[in-house]
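Note that subunit A is present in both complexes that follow, paired respectively with subunit B and with subunit C.
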Partner chain A sequence: MTFLKLENLKVYYPVRGGFFKRVVDNVKAVDDITLELKEGETYGLVGESGCGKSTTGRTLLGLNKATSGKIIFNDVDLLSLNRREYSQYRKDIQMIFQDPYSSLNPRKRVIDIIAEPIRNFEKLSSKEVKRKVQEVLEKVGLSPESIYKYPHEFSGGQRQRIGIARALTLNPRLIVADEPVSALDVSVQAQVLNFMKDIQKEFNLTYLFISHDLGIIRHMCDRIGIMYKGRIVEQGTTEDIYENPQHIYTKRLLSAIPDINPDNRDKHMAFRKQVDAEFNNSFNQYFDTEGKIVDLRPLSETHSVALP
Partner chain B sequence: MSTPIVEKNNISLQQQKTPSGFSVIVREFAKDKLALFSLVLFLGIVLYVYIYSFMLDQEAITRVDLFNIFAEPSSVYWLGTDYGGRDVFGQLIIGARNSLTIGIVITVLTAIIGLVLGLLAGYFGGWVDNVIMRTVDFILVLPTTMIIIVFVVIVPEFNVANFIFIMSIFYWTGKARLIRSKTLAERELDYVSASKTLGTPNWKIMLFQVLPNLSSIIIVNMTLNLAGNIGIETGLTYLGFGLPESTPSLGTLISYSSNPDVMENKWWVWLPAALLILVMMLCINFIGQALKRAADARQRLG
Partner chain C sequence: MSKQPLLKINNLSTSFRIGDDYYAAVDDVSLTVNENEVVAIVGESGCGKSALALSIMQLHPQERTKMAGEVLFNGKNLLSLSVSEMNKVRGKDMGMIFQDPLTALNPLMRVGQQIEESMKNHLQLSDAEMKKRSLELLNKVGIPNPERTYMQYPHELSGGMRQRVVIAIAIACEPKFLIADEPTTALDVTIQAQILDLMRDLQSQMKTGIILITHDLGVVAEMADKVAVMYAGEIVEFADVSTLYNNPLHPYTRSLFNSIPSAAHGQDRLHVIQGIVPSLKNLPRTGCRFSERIPWIDSATHEEHPALHEVEKDHFVRCSCYQHFHFPKDAEDLKYDIS
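Right after this comes the complex of A and B.
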C-alpha cells in the first residue's frame, strides 16, 4: 500500500500575453516530480527560494491546482476526487505554515482558532470543544488558561505552537510543514523542532518537511529530496545526501554550510574550490538539450540522482 | 488555607480573559470623552427626532397659513415660520427624520450590496471578479446625477422610499470596490489557506474569517458614508431635485436661504437646519473615529 506518492506532478502557471491574452508560455513551478513517502518518516524537501518546494506542499493540500500528475494517498488519487469525496481526506493531511504571524487570524481567540477544525468535522458541545482545545494546548506546551487570548498576545514561538496545535486537533496522518521554523529565532527553533519530533513519535505522524536550512533538515529528516528549478535533482537518505552527494547542485549546497571549527578551515576551503571547479567544468552535462534538468537515475536502492 | 488559593486562581483566570467585541467599544468610548459626548448627543437627537415626529401632524405643519408669513420665533412658533407661514420647528423635526432615515437606510443598503459583491469578487477572483467589477465600472461611468434628476421628473409620486431606491442603485459601487481591494489583500494571507486546509467552506471563511478583519474599514466607511449620504440628500433637495416641499427635509429648509432676504433677515428659517446638519456630521465623525480605534487593537486608547 502506498501511503503517499506524488507521481509526475506538474504545476504550471500560464504566462498570458499578446492581443487576446493567449497563453504564450508557462512558468514551471513544479515540473514533473515523483516522490514517495512511507508512513512515519520525515521527508525533507530542500532547495533555494522559488524552486517549487512550497508549491509542491500547497498542491498536496489542494491549495494550488495541479496541472497534471497524480497525488496518491492511501491508494486513492486525490486529484481525481471531487470536492465532497476530497473532504474526507482533509482530516488526514494538515499543514503547518511558515509565518506564525499571518497564519493565525488576528481577530480570533485561541479557542476559536484551534476549535475551527473540530467544529467543521465533529459535532461536539461547546464544553467538550473547550476541553479538547485545552487538552491540545497543554500538549503543545501552552497554558490551558490562555484560550481566550488573541494571537497578538503571544510570542512567535508560542504562535507557531498554536499553529501546530490547530494542525493536530484532527489527528492527521500527514503534516506538510512549510518552513515551520524559518520565522523563529534559533533558540525557539530547536524547541519547536524537538517538539515536532516528540509528537511525531506520539501520533505516528508523517512529515513532508520543507526547508532551505540544511542543518534543520539533517536534524529532522530520514530522507531528503533536493529541488532545483521545479525538479528533484537528488533524492536519498540523509546519509546518502550528506556523505555522498552526487549532483553538482547538492554539492554546492553542502559546501555552502559554514564550518565553525577553525581547524577545518583549509580543508573546507579546498572542498569549496573543488566543487566550484567542477561546477564550472561540468555544469552543462546536468541539463538536456532544452535546458531541462534530466530525469532521476537510481544509484542505489535509496539514492537516486539526476545524472545523464 | 486552601480557599484563598482557589480564589486567587479564579481571579487570575478572569484577568486572562481578553475582553472581546462590545466591551472593547465601551472602553474606547469611556476613554474618549468627545466621542462619548458625540454619541450621547447624536442618539439624543435621533431619539428626540423620531419620537417627537410621531406626535406631529405633517399635514398641519405643511399647511399654508397666510396670516403668519415669516413670523419671528415666538412661544407659538418656536423657530418662527417660513414664506408659507408654516412652522419651521415642526418642519425641522420631520425634515431631520426624513433626512436621517434616508441617510441610514441608504448606508445600510449600499453596505450590504457592496459587502456581498465586494467579498465575492475579492475572494473568488477570476471571472466572478471580472463580471462584478465590470458591472461596477459600468455604473460608475453613468452620469448619476442626471439619471437621478430624470428619475425625479418621471416618477409621479416622489417620496422617501423612491429616493432611497434610486440612491442605493448608484452608491454601492464605491463600497464594493473598497471591500474587494481589502479582500484581495486578506485572502493571500496564510490564515485563509489554513482555514481551507481545515475544511472550512468558502462562505464561512468569507463571513467569519475575512469579514471580521475588514470590520474596521467597513465601520469607518459606513459612518463617514452616513454623514455623506445625509449630505447628498440635503444637497439634492437644496438644488430642487430632491424631495418635494410637501415632504419636509433639512435640504428644503436650507434651500429657502437662496432667497437673499431670507438669508439676511430671516435667519430662523435656515440656520437651525444648517446647525443641526453640522452638529450631526461632527457627531457621526467623532463616533466613527472612536469605532475605528476600537476595531484596531494597536490604536486603542483604553
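Right after this comes the complex of A and C.
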C-alpha cells in the first residue's frame, strides 16, 4: 500500500500580460516532482528560499492548487476527489507552521484555537471539547489550566507547542512541518525537536519536514530530498546525502554549512572555495537543452541523483 | 603584529524605563576590541547582546534609557559626547550592519543615494567623486553590475544583494570599527557563506575591529577571534575562539553547545535548557543568574556575588558553579518544563 506518493506534481503560477491579460508565461514553483513517504518516517525537504519546498508542502494540504500530477494518500488520488470526499482525508494530514507568533490568532483563547479542528470535524458537546483540549495540552507539556489564556501569555516554544497541539487534535497520520523551529532560539529549538520526535513514536506519525537548516535536517530525518528551482536534484537516506553527496548543488549546500570547529576554519574555507569553483564550472552540465534540471537517476536502491 | 585597543568598554550598564522603574538590560559589561580583531557576542534573544550594540552606537531612545560606565573609542568617552558630536562619529568612524537588509534600507531611495548619504554628511566630496566611490564600493562588496545596481531600488534586489548594499553603506566612510548585528540570520546558507567570506576579506584589507553579534555558534566558529557569551545582561564567559570551543566551562555555554543539532549529531536527544530566558523585569539581580535554569545543581556551589574569574590565561568564567556542573543524569531532569 502506498502511504503517500506525490507523482509528477506540478504547481505553476501563471504570469499574465499583454493583450487581454493572456497567460504569457508560467512561474514553475514545483516542476514535475515525484516522491514517496513510508509510514512512520521523517522525510526532509531541503533547499534555499524560493526553491518550491513550502509550495510542495502547502499543495499537499490543499492550500495551493496543483496544476497537474497526483497526490496519492492511502491509495487514493486526493486531487481527483470532490470537496466532500476530500474532507474525509483532511483530518489525516495536518500542518505545523513556521512562525508561532503569526500562526495563532491573538484574539482567541487557547481553547478556541485548539478546538477549532474538533468543532469542524466532530460533533462533541462543549464539555467533551474542553476535556479533549485539556488532554492534548497535557500531551504537549502545557498545563491544562492554561486553556483560557491568550497566545501572548506564552513564550515562543510554548506557542509552537500550542500549534503542535492544534495539529494533533484530530489524530492525524501525516504532519507537514514547514520550518517548525526557524523562528526559535537554539535551546527552545532543541525542546521542540525533542518533542516532535517523542510524539512521532507515540502516535506513529509521518513527517514531511521542510527546512533550510541542514543541521536540523540531519538530526531529524530518515530520508532527504534536495530541491533546487522547483525540482528534486538528489534524494536518498540521510547517510547517502551527508556522506556521499553526488549532485554539485548538494555538495555546495553542504559545504556552505559553517564548521563548528574553529580550528578547521582555514581548511573548511579552502574546501568551500574548491566546491564553489567546481559549481561554477560544471553548473551547466546539470541542465538539459531547455534549461530544465534533468530527471533523477537511481544510483543505489535508496539514492538517486539528477545527473546528466 | 601589535594590537591596539580600538574600543574599550568599561563597566557599561544600560537600563530601560518600564513604568516608573529602570531595569538594566546590559549589566556591568567590560570588553575590549583591538584593531583587526573580530569579537563575537553570543546568546539567546533577550540576553542583551543587541542592547549592548545599540548602546555603543547610542541608538537607544534617550528619554527612556539610562547609561552608566564608559565606552572609550580612540580615547574619547562616547557616553559624554553631545548628540551632534556623536553624529560625527557614527557612520564615519563606526559603522553598523543591521540584521534585516529589507528594513534597514529605505524603499523609496535608490541604492546609490543611500550609499552616498553618509559620505555627504562626513566627507567633503563632489557629486562625481561620490558616485565614483559608490561604484567602487559596490564593486568591492561583489555586486556584479555596479552601474545598474546604483540606479536600482532595494526591492529589485535579492536578499544577498541587499545585504551587500547594507555592508557597502556601513564601510562607505572606511570606519575603523564595525558592529554587525546578526548580519546573516535572514539569509540562506550559501548566501551566508558568501557574505561571511566578504566580511572576512574586507576586514583583513581594512584592519577593522568588528563586534559580531549572533546566536549561531557555527558563524562564530567561522568568523571570530574572541567570543563573549552573554546571559541575562552579563558576560558569563570570555575567551579566544579556539579555547572556548575546545574547553567551554560555564554551564550556559556548555548547554548552548549541547543543544545545537549540527554539533550533536549522532546523539538522539538534544539538551534542553530548562525554563525560559527571564524577561527584563524578572531578571534575578542577585546571585548566579543562570542558577534557576540548572536546578539540579547544588545551590551552595554558586557564588553570592558571581565575579568573572580568569581560569586560565585570557579565559574568563563567571561564578564558581562551573566546577560542579554536570548535565542532568536521569530522565526526570530532562522533562520539558510544565508551566
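The criterion applied here is as follows: the second predicted complex is superposed on the first by the 304 of 308 C-alpha atoms of A that agree within 3 Å, B and C clash if a C-alpha of one lies under 4 Å from a C-alpha of the other, contacts with A are read in each partner's own complex, and residues count from 1 in each chain.
The working rule: a residue touches a chain if its C-beta (ideal position, glycine included) is under 8 Å from a C-beta of that chain, and two chains touch if they have at least 3 such contacts.
This one's a predicted model, so the numbers in the text were calculated from it and none came from an experiment.
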Subunit C versus subunit B on the shared subunit A, clash or fit after superposition: fit
Please indicate which partner A:F283 is in contact with in the superposed arrangement: first for subunit B, second for subunit C, both, or neither. neither
Counting only touches as set out at the top, which of subunit B and subunit C does A:L63 meet: first, second, both, neither? first
First (subunit B), second (subunit C), both or neither touched by A:Y150: first
Using the superposed model, measure off the angle between the directions from the CA centre of subunit A to subunit B and to subunit C, in steps of 10°. 80
With the two structures laid over each other on chain A, which partner does A:G141 touch: subunit B (first), subunit C (second), both, or neither? second
Using the superposition on chain A described above, determine whether A:L253 touches subunit B (first), subunit C (second), both, or neither. second
Just to confirm the value: shortest Cα separation between subunit B and subunit C in the superposed three-chain model, in whole Å. 12
Taking the contacts subunit A makes with subunit B in one complex and with subunit C in the other, which residues are shared? 146
Would you pull the subunit C residues touching subunit A in the complex into a rising list? 44-45, 159, 188-193, 196-197, 215-222, 224, 241-242, 245-246, 255-256, 259-265, 268-273, 276-277, 335-339
Quick one: in the complex, what on subunit A touches subunit C? 48-49, 141-143, 146, 155, 157-158, 185-191, 193-195, 197, 212-216, 218-220, 252-253, 255-263, 265, 268-269, 272
Residue set of subunit B touching subunit A in the complex reads 12-13, 16-18, 20, 189-191, 193-200, 209, 212-213, 215, 297
So in the complex, which bits of subunit A are touching subunit B? 58, 61-63, 87, 90-91, 93-95, 97-99, 102-109, 116-117, 120-121, 145-146, 148-150, 152-153, 163, 166, 170
